[in-house]
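Chain nomenclature is as follows: A, B, C and D, assigned in order of appearance, with residue numbering initiated at 1 for each chain independently.
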Amino acid sequence: MNYSETDQMGFVYHANYLVWMDMARTEHLRERGATYKALEQQGTFLTVTDVRIRYRLAARYDDMIRVRCWVRDLASRRVIFGYAIERAATDELLATGETSLIALNHGHTLSRIPEHVRELLEPTADPVRL
Amino acid sequence: MNYSETDQMGFVYHANYLVWMDMARTEHLRERGATYKALEQQGTFLTVTDVRIRYRLAARYDDMIRVRCWVRDLASRRVIFGYAIERAATDELLATGETSLIALNHGHTLSRIPEHVRELLEPTADPVRL
Amino acid sequence: MNYSETDQMGFVYHANYLVWMDMARTEHLRERGATYKALEQQGTFLTVTDVRIRYRLAARYDDMIRVRCWVRDLASRRVIFGYAIERAATDELLATGETSLIALNHGHTLSRIPEHVRELLEPTADPVRL
Amino acid sequence: MNYSETDQMGFVYHANYLVWMDMARTEHLRERGATYKALEQQGTFLTVTDVRIRYRLAARYDDMIRVRCWVRDLASRRVIFGYAIERAATDELLATGETSLIALNHGHTLSRIPEHVRELLEPTADPVRL
């Protein structure tokens, strides 16, 4: 991670983990053949309603970070992602997290996650204990 | 809130709430006569170990935001803060949250929250349902 | 300023000054009776085309910061703001800056700054040497 | 780039370019065999004193961004980097920039850039007109 993400304790400021989790679920979609950009252009917005993060070990400046992301649960209008944030060099588990997202349409009212996107989001058992 | 905090949905990007919650607990300390800066200079660091946020309504560009902050629970080495994030103009509840923090010393090992700081942190019942 | 804005040198990360400058020019407009939000709703976007910042002294955690902002130059499609960033407690000059902004319409093509906004933006001599 | 970097115009918020430029010069050092982390551990801090950015075209959500970085000028206590920020898919030039950095020691006083680092920082003619 980058100097802009450090704080004066020399650690990564804790709000940045939410940004990494966002990047990881965007990649999760992309690897399965859906881009979030296209999803928005088709009129579906996924918006975060709940966040939980447990910080275990601190990330430091210049650490290479790996974020594992998976689908924990999927319903017609909601998807829950799980995350494990790891120090790449040592495989240490730095943090775990979970975010719930709901689907909104252009008018910002609750809507269904499009079928072709739901098919790409296979829920799995947690690979890491949250 | 500020243009830098918006995202392309026209809402406030969700990671910014963690920054506001940090600012609110710093103010909570200051109002009670302790500055976090002095606490660090005396060798005690409060570091976030757990975060929960529930987003209810979206904050938008130029909304004036009010963050209420209180102590939910206090132990010798840990303090839990609760938060209610509100749109100032309408008193609407936008989000609720909770953060747990532990005390670390300069060597980054677990330590006690100094007595004079603990005395300032009176736990209260939640004024808002989290 | 806030803990999220520090870096591991214990200073304010330098990109944050651009955010403060943005907030200051929004306030400059508001004090003169125009909100940037309304300007966007009326179809005019002011977008930054040029930035210069000179950093002189470092801002530190918990410093109260004051940003002075003024109009350096005004044309039909462009406005240049100047900034002086000061430590409030000591009046020390921490940084000076300048940003040029052009007006765009909804189609993102160059347009005129609305007359009623131009009237509010009185250029002045620099109160601080940039 | 990432959703956290967008603003409500759907563009990348302009302060993020400074973060990218920071990342690019860290990579520039790394490719030449010096890490900024090691430099700090050896007691030399490079701190930004001057920034200039010219924004030409807007970066948008999900654009892949490439930042080219080079040394424009090198003196015993100061180094000037140039930057070209490009949309990777189209090679379009989005922005150009320049940052001056000075070397500080642990006591935050001006010091010389270590000889072994200076040898790695070969100034070149600007590959892109700034």
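Keep in mind that, in the parts below, a residue touches a chain if its C-beta (ideal position, glycine included) is under 8 Å from a C-beta of that chain, and two chains touch if they have at least 3 such contacts.
Since this is a predicted model, take the numbers as computed values, not measurements.
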Shared interface partners, meaning chains that touch chain A and chain B: C, D
Distance-maximising chain from chain C - centres being C-alpha averages: A
Interface numbering overlap (same over half, different under half) for chain B and chain D: same
Chain B-chain C separation of Cα centroids, rounded to whole Å: 28
Chain A and chain C, separation of their C-alpha mean positions in angstrom: 33
Multi-chain contact residues (two or more partners), chain D: 3-4, 9, 11, 15, 19, 22, 61
Chain D partner contacts - residues on chain B that touch it in the complex: 3-4, 6-11, 13, 15, 61
For the chain A and chain D complex, residues of the former touching the latter: 2-4, 19, 22-23, 26, 35-37, 61-62
Contact footprint of chain B on chain A as seen in their complex: 9, 11, 14-16, 18-19, 22, 45, 47-56, 58, 108
